[in-house]
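In the two complexes below, chain A is the common chain; its partner is chain B in one and chain C in the other.
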Partner chain A sequence: MFYAQLVVNGLLQGLIVGLAALAITLVFGIGRFANAATGDAMTFGAYAALLGHGLTGSLAAAGLAAMAATAALSLGSYALVFRRLAGRSAVALLVASIGVGFAIRAGLGLGFGHGQQLFSVPLVRPIRLGEVIVNPFDLQLAAVAAVMLAAVFGLLHLTPIGRRMRAVADNRDLALVSGIRPERVMVALWLLVGAVTGIAGMMLGMKTVVSPDLGWEMLLPAFAATILGGIGSPLGALLAGLLLGVAQELSTPFVGFTYKLAISFVVLLAVLLVRPRGLFGRIEGVR
Partner chain B sequence: MTTVLDIAALRGGYGEVDILDGIDLTLAEGEILTVAGTNGAGKSTLAKAIVGLLPRVAGTLRVAGRDILSLPAHARAASGIGYVPQVANVFGALSILENLQVVAGVKDRKGRIDEMFGLFPLLGERRRARAGSLSGGERQQLAFARALMARPRLMVLDEPTAALSPAKVEDAFRLIARMPALGVSTLIVEQRARQSLAISHRGCILDGGRVALQGDAATLLADERAADLYLGRH
Partner chain C sequence: MDAYLAAIAIVALIYILLALGLTLQYGLTGLINFGHVGFFAIGAYAAAILATHGAPLVLGFVAAAFFAGLAAWPIGLVSLRLRDDYFAIVTLGFSETVRLVITSEKWLTNGVQGIPAIPRLFSGLTVGIGAQLAVLAVLLAVTGAAVLAMRRIVRSPFGRIIEAIRDNEDGLRALGKEPARFKVQVLILGAGLAGLAGAFYAHYITYIVPDQFIPLVTFYVWMAIIIGGVGRISGAVVGTALLMILLEGSRFIRDVVPGISEVEMASIRLGVIGILLVLFTIYRPQGLMGDFSRK
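Entry: the complex of A and B
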């Protein structure tokens, strides 16, 4: 039963990792670079949610604030930095994204200080499922994540802009000669990625404490899940995030709380060595 | 007859060196033009220059009288150019239906998709299938349907038979021969020059990034010099 409890805990952690990995894999698939600012954008979302929650006491309002503010930040980073670097190498864009991340972190430190802040969430009686204890608040967070994921996959598969985003991810040149305007797709991408990142940040902030370094530590597990799921595969990113979250929690009795993050390193190395295309990645054609 | 494509002194390439070295050619409405030549002559580069995928290009490039040289690829598509690339010519991760749905600038999209499924019944039967799972022939049909979706005036086909089995090559040429009836003028870049010229009105042979020979398809097929240097005897 002890391990069942760890699995339950890991699933929520995995949803957070999966959302972050989803944001990274969307940018990689369409924008063609690894966005290292994702973790710091999550922190931004956590602070926006903290403000929203502080003003209204509502989880929904916190989520909306996180989504709207982080989507605006995401679009701003595209307009001011990544759009201007379009056509540069993936490495140049990665380095630029590290810079954007530092700028976000520094800005949050200046604006909110470097102390830790907490969401004031009311205490509720946990739900007992046999020996397994589930916090109702965690269920609410899981529901928020599920709604977000349903919205993302619905947008990608059921709307014209989503289909065009997938088309650009699949074959950019073919998308261009099919009349698809890349600028519109990129605006939609960065808004979507910002909303996803904001929700992930809010969930992480509610599960831990909010500080300017909050999202930085999430970056490695998120990258590991992106690679494990297959770079560019949204479904793979989500499933790999869940897998990684559960693996981290299950490893805690053996490696301790401090070193459970190392599981991400191990997974990252193992995937790169054994199956570089990940669980759901495609084999890239070589001409 | 109206000129659909007018190219003059077209130069360009991927890096510093010009692969196209001053191309002059025209394509009239309802015509099929085969562009042949040896490997490295600049055939596929010419196709990319027309559709807007060549990074560096200079000269004159008009479609239906409109100068399109400065337009990006997506705007050229909107101006009436359809393109079937040699490889990676469908969105493999999308379904057949989605491949047609993503094309921009289509009026009465649903009706047009039905028209495409009428033209290519096999695609209609398998509309939910992932494009990446299709055979070479099916994939080629989808590539044509996608390129035809926006009712182009000009189709640019880059080696449309290259990835096909011999049995499917004839089907592809039969399909291309129907393009004028669909109101589409067609420029084909093709290695199977003799078969392509057989369904074309005119032909042109590139050599070293320049037009070495051009004329009526029948005249080129009978030309001894063309046969010896570029077309082969069979």
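Entry: the complex of A and C
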């Protein structure tokens, strides 16, 4: 039963990793680079949610604040930095995204200080399902994540702009000659990525404590989930995130609390060496 | 004041050693090593552990370079199979894992408490700043030797091959050269330099903890070579000098502008590094010492 509890805990952790990986994989698939600023953008979302939650006390307001603020940040980083690097090597974009991440973290450190801040979440009696204990607040967070995911997949698969985004991801040149305007696709992409990142950051902040280093620590698990899921595959990113979250929790009794973070690195290496296209990815591109 | 300048010069030379290693790996060969600090940490801990257990100091330096190089070997084998940006993520993960290991394995590294009382070099010279100057002289000699060796490498057939790996790997393969072996060698050499830098660092600072080996250090070095000019030995030196001015200069800003706390200064430094990385990648990717005609 102990392990069932760990699986339940891991699922929520996995949703957070999965959302972060979703943001990374969308940029990887459409913008063609590994966005290392994702972690720090998550931190930004957590602080925005902290402000929204502090003012109203409602989870919905916190989520909206995180989404709106991080989407604006994300679009800003595209307009100011990544758009100017279009056509340059993936390395240039990667280095620039590290710089963007540092700048965001520095701004948060200056604006909010380096102390740890907590969401004032009401204490609720946990629900017992047999031997497994579930916190109702975790269920609310999972519901928020589910709504976000439904919105993302709905947008990608049911709307014209989503179809265009998938077309650019699939074959950029073909999409361009078919008359798709790349600029609009990119704006939509960065807004969407920002909203996803913001929600991931809020969830992470609510499950732990908010400090300027919050999101950076998530970057490695998120990259690992992106690659495990197959680059550019949103569904893969989500499933891989869940898998990784559960694996991390399940490994804790065996390897200890510190080493559970190293699980991501081991998974990352194993996937790259054994099955570089990940669970759902295409074969091209990794080697 | 003399002691202060000597201290800055020592730290600068340690960073130059790191930058030379990265120049070899990224600048010349095109391997995106985002985990440089991991090799630096292995070198520092190898030297510190040996020295605090009474081993001769020279052995510590040899071991630092050896173990850092040894750690690079499997990373090198992985790199052969991966595209550039994936390799960057793997090396970043490597350095974070190294930090996890040195935090967790208390029996070896004393965990978060770190290793105190690492012997200084030349501690027998107690007159004035004699010991510091002696350290400086040794570091200058080692760095000078590294620069000369790098210049030899660039002009050697080996240098031409690794630059060809950076510029056109498929073309090189078509000429019948196998890039794999050279990539591994370059990684081990660069990591060995970083390990050596780590040993000097441990003996100079005399107290090391895992928190000194965060990825920010890697990106300090990246910033130095990007500002200086990627692939230029002079770029590594000039870029590191500018980095030191930036890092040390920020201390004086606090004297001039009162009311800035130490953590705020750390944030400002982080922000400046971040913004410079962005600005240089956008506007001057060839760096200050790079080829002005190319972009």
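Note that the second predicted complex is superposed on the first by the 284 of 287 C-alpha atoms of A that agree within 3 Å, B and C clash if a C-alpha of one lies under 4 Å from a C-alpha of the other, contacts with A are read in each partner's own complex, and residues count from 1 in each chain.
What we mean here is this: a residue touches a chain if its C-beta (ideal position, glycine included) is under 8 Å from a C-beta of that chain, and two chains touch if they have at least 3 such contacts.
Note that the coordinates shown come from a computational prediction; the quantities given were computed from them, not determined experimentally.
Undergrad: Of the two partners chain B and chain C, which one touches more residues belonging to chain A?
TA: Tallying touched residues of chain A, the top partner is C.
Undergrad: Who does A:173 touch here: chain B (first), chain C (second), both, or neither?
TA: Only chain B is touched by A:173; chain C is not.
Undergrad: Let me test your reading of the model: by the given contact rule, A:181 touches which partner, first (chain B), second (chain C), both or neither?
TA: Once the two structures are laid over each other on A, A:181 reaches chain B alone.
Undergrad: On the A-aligned overlay, A:265 touches which partner chain: chain B = first, chain C = second, or both, or neither?
TA: In the superposition, A:265 contacts chain C only.
Undergrad: Have a look at where A:34 lands relative to chain B and chain C in the superposition and call it first, second, both or neither.
TA: A:34: touches chain C, not chain B.
Undergrad: Identify the partner contact of A:227: answer first if only chain B is touched, second if only chain C is, both if each is, neither if none is.
TA: Touch partner of A:227: chain C, not chain B.
Undergrad: Is A:3 contacted by the first partner chain B, the second partner chain C, both or neither?
TA: Neither partner.
Undergrad: Which chain A residues come up in both lists, the one for chain B and the one for chain C?
TA: 285, 287
Undergrad: Of all residues in chain B, which touch chain A in the complex?
TA: The contact residues of chain B facing chain A are 51-53, 72-74, 76-78, 81, 83, 85, 87-94, 98, 101-105, 146, 149-150.
Undergrad: Residue numbers of chain A touching chain C in their complex, please.
TA: 33-34, 81, 84-85, 88, 90-92, 94-96, 98-107, 109-110, 113-114, 212, 219-220, 223-224, 227, 256, 258-259, 261-262, 264-265, 268-269, 272-273, 276, 285-287
Undergrad: How about chain A: which of its residues touch chain B in the complex?
TA: These residues of chain A touch chain B: 160, 163-164, 166-167, 169-171, 173-182, 282, 285, 287.
Undergrad: If you look only at chain C, which of its residues touch chain A in the complex?
TA: 32, 78, 81-86, 88-90, 92-94, 96-97, 100-101, 103-104, 219, 222, 226, 263-264, 266-278, 281-282, 285
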